[in-house]
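Two complexes come next, and they have one chain in common, subunit A, joined by subunit B in the first and subunit C in the second.
On to the complex of A and B.
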């Protein structure tokens, strides 16, 4: 709005008002990122008496050969994309469902549907851990009474069930975000569009798929980008339910890096993994934002 | 038409049950005694309702009131610090024209998307050398890494919505920019400032990895970390006590959440479309 008041050449290079933010971020984010790059080329174990020494790309070579790293990468992908996809679909269904009712009466229902969002991640984790208990857990009790399973299931102690079970808890906390986001996007569709589609006899599914979904596209893309990033970083839910186990069945990259850095104090190796991960995440974000612009 | 209405009502009922059942289970369990909470055949509601679990939080071996205070203090401090530092930056990014503006805005956005764990080891060493490990101040520094970039972007969207003409008369009177920001703009976007602060507060409240990594003295822990630590100790089999602690950890976040519920989407997507 104020652009063009001065020719571009006369614009100052920096504004002092951004300096506090830039300064703080340079120290708490910029410096750690650079330091991570430096650490990733060092052998640095916090517990060993000898100082850090430069070892070039050896950490990265170790990483390529590390089976647990690849498993953690796969787990991260399944956990992240699986949960986001499920939560987005559920949120979409909920938003479409609630939209069909008159809104004033639905205010309380809306609020109730949002409550899982207000539960801290750690609490969600312990709550589901309690409900998943093999003996005395409510999930098994319900399934046994309904005759769906014949013996109690070890949800979190079974290598093939643990990851999906944690994902269910994750979807539970994440669905309200998509529900709210998509409800807002639905409310933003111009009335004329809906009316003219109705005149053209669009009903039910054809109304949803043909008319409404295109309007939700950018909300879905932005929302899932944000949730993918936050799931890539999710530590609390996994750590407080399974600590990455059994074995490495639910070990994602965050959990593995945390283990390496704060249980083994292998700061160098953990940093190399951090760098690889950083590149993956940035690559994903850039590709995603490109897709968003191609509307 | 009527059949589809019934299907819709059933679907809505299922959705409500799915959303609320776990929360109900947490509350119900927090009022059960130890025996009932770990019964092999769980009871649907507390048959011998008791407040002992909540009493145990105050008088138990672990100082839960201290954990509560620690969490409230560090999260409030983070919200205040992040908003105070972010305000001038958001104002400048919204109003001022300077050549590095695009780069600064983009840099702040990227720092918001960085994986926290990448920062973990260097941040630990940074705090170690600054003698800030195991201190509330150090924890606030850690929380600021994600609170600050977020606050800048969210405040910017609120300032963008204020018509620039409102500032003109103050500008004509010769007020410096920081006074215009404090006297004219901030009062207009006060709800936005509070919303932003609440978001930062909630994000800090949810954070587990920083207190777990940076705090070594048990008495200095935050609630989420204390839940994890106590689970290996006090609450090993005491699910009633655990759920009471979980309820106490949830309440402040629940209050904060419903205070800003309306601007939730706007807040979380602030800057996501990079409208520089």
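On to the complex of A and C.
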């Protein structure tokens, strides 16, 4: 065999043809990640004229003892998983309903159901902020008129109600994504499968649970993973509605990192939090992809 | 015409054109462009006025062009610090409150001591430069003065059975007045207070804390876990529980409501008059008939306090046109044209000058509102402890205020939690 020639069937570990891609990834992904890691081990405050100085793991030690960090982490988990679960369920129900009652009129319904997905997140946030207003908000006006509440409710200014209220806005935005995804998956179920299930007298819930849901599993898993990552990083909706308040009731990791980095200019500490945030997301993504592969 | 003459004529034309181009280039080289970062151009009330002032300045100084960069009030400090760090600051910027010190902390502001000569200094109100010194250097020049007072809608007070000419002087009297307003007009917000979580809200609430004797941060501070701070937080909770305040709104969100007679008392700066009149087109006479302003009601400390929320102008050390920048700063703050069009116009603030340049401008300050500010409110000014710790501390303190206002957690626990955050 000539020198340098690969044995047949052997996969190269690194082919020179992929080097340009590796180079681009190193610049746009690798550099920011490495620089964040470096910053996380430094005391670096933009307001201090002194240069950054190495402090080892001190930022991480501070993070472990930071009560607000843990509250923000908890809020992030509730906001992310709660919203994704609710939106997935709603999207599923809507997709099944629209498929069951398919008709030319349903095209209009389908288009209307997709509208929230087309609204920019910041617009959604302001829309819900004004709808939730304690004085003059449409939500309170409707509830008061219907006699459901006796006094206006402080939806965004009550420590217990603020997070669920923001989640409702989030679910409103996200449901069309699941509706669209699951409608496409439902359309992809082979007719033969549906027909043979009907021959076996599968109807209604038995058809949905026994036949359709297994076909939707992949779409649900992939869609949920995408939305979990997207919600973990969701800043616009929370900042525009509550700015993380009242108190820290709606402060998620991304809001807390923003406050640390761009209000207090503590870039070192904010970077340490960013590293933890990155690791959490990577861990979740790996576990999720493994679950998908094991299926 | 002979070919020789034609050739000479052609050369002549080319030479003339070359000279014209060179002259234009020289003229262009002499014109300097200044970047001016400000929020006056970002707000509907003040945008036309600041644009007019800039146009007037450029007409008066044809060698200086101004590139106005509109940045919102909430964003400006963040953007200026980031621009300084990336080596791209503007020449001049509008700043206020804690933001002035934050930007100075970067060490990239040009000291103004060499520009503020004896004449300029003598024209200013006594003490107006005192709070603008950092590390013994003058780091900003006063543009407007805008202290806060307790504004009250006389008609709403009258409807509530209160004496519209005798606003509350103590916290207890204020609580009685708020109860009367709430009882008689349930759709009116009895008291407009900014309870958002941002440094400006902390600045706005600082005088209320002070009148309770609370000083959570600053030199000689007692911290947050004190009886005074707990008394303040308890009072804030009472305001919210009784429906006297509408939590979560920025001060700017109360102003349009005030213009629609939906707010009885409003803790706001002198510029409120301009905003209300701009919104509802009320005449001066009608405004003074409808609105009054007084000092903060006194709490357990027995003293009244307020903050000075005026705007300043800063010059950046990296500016290549410092003299032109100073000319612009001086024009904005002291020229009769700018005072007329902006400071005393929609800005509705007080100029930093001890004496106004003409009688017409002086007449603009001869109003009941300005009189109330001069005699009752300005003497109670007490500057908050601005600095880096004020910015980070305000996040902790205002989060605690929000917890007190909107939650049920015991006040003792909230005060302790604020203190833990401040101690970090």
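Methods note: the second predicted complex is superposed on the first by the 265 of 295 C-alpha atoms of A that agree within 3 Å, B and C clash if a C-alpha of one lies under 4 Å from a C-alpha of the other, contacts with A are read in each partner's own complex, and residues count from 1 in each chain.
The rule is simple: a residue touches a chain if its C-beta (ideal position, glycine included) is under 8 Å from a C-beta of that chain, and two chains touch if they have at least 3 such contacts.
Please read all numbers here as calculations on a predicted model, not as lab measurements.
Chemist: Of subunit B and subunit C, which one contacts the greater number of residues in subunit A?
Modeler: B
Chemist: Figure out whether A:135 sits in contact with subunit B (first) or subunit C (second), or with both, or with neither.
Modeler: Both: A:135 reaches subunit B and subunit C.
Chemist: Which partner does A:157 reach: the first (subunit B), the second (subunit C), both, or neither?
Modeler: So A:157 only meets subunit C here.
Chemist: Of the two partner chains, subunit B (first) and subunit C (second), which one does A:57 touch, if any: first, second, both, or neither?
Modeler: neither
Chemist: Check whether A:262 is in contact with subunit B, with subunit C, with both or with neither, and answer first, second, both or neither.
Modeler: Both partners.
Chemist: Quick one: classify A:148 as touching subunit B (first), subunit C (second), both or neither.
Modeler: neither
Chemist: Thinking of the overlay built on chain A, is A:21 touched by subunit B (first), by subunit C (second), by both, or by neither?
Modeler: After superposition on chain A, A:21 lies in contact with subunit B alone.
Chemist: Output check: A:47 vs subunit B and subunit C. Expected answer is one of first, second, both, neither. What do you get?
Modeler: second
Chemist: What residues on subunit A does subunit C touch that subunit B touches too?
Modeler: The answer is residues 135, 262 of subunit A.
Chemist: In the complex formed with subunit A, which residues of subunit B make contact?
Modeler: On the subunit B side, the touching residues are 8, 11-12, 15-16, 18-20, 22-23, 25-26, 29, 38-42, 85-86, 88-89, 91-93, 95-101, 104, 107-108, 110-111, 113-126, 141-142, 144-145, 148-149, 152, 164, 177-178, 205-209, 212-213, 223-224, 227-228, 231, 239, 242-243, 246, 249-250, 253-254, 256-258, 261, 264-265, 268-269, 272-274.
Chemist: So in the complex, the part of subunit C that touches subunit A is made up of which residues?
Modeler: 78, 81-82, 85, 102, 105-107, 187, 189, 196-199, 243, 246-248, 262, 388, 391-392, 395, 399-400, 402-403, 405-409, 417, 420-421, 424
Chemist: Which of the residues in subunit A end up touching subunit B in this complex?
Modeler: 1-3, 5-6, 8, 11-15, 17-18, 20-22, 24-25, 27-33, 35-36, 39, 93-94, 97-98, 100-101, 109, 111-124, 126-128, 130-131, 135-138, 141, 172, 175-177, 180-181, 184, 218, 222-223, 225-226, 229, 232-233, 235-236, 239-240, 253-254, 257-258, 261-262, 267, 270-271, 274-275, 277-278, 281-282, 285, 289, 292
Chemist: In the complex formed with subunit C, which residues of subunit A make contact?
Modeler: 45-49, 62, 66-68, 134-135, 151, 154, 156-160, 162, 242-249, 259, 262-266
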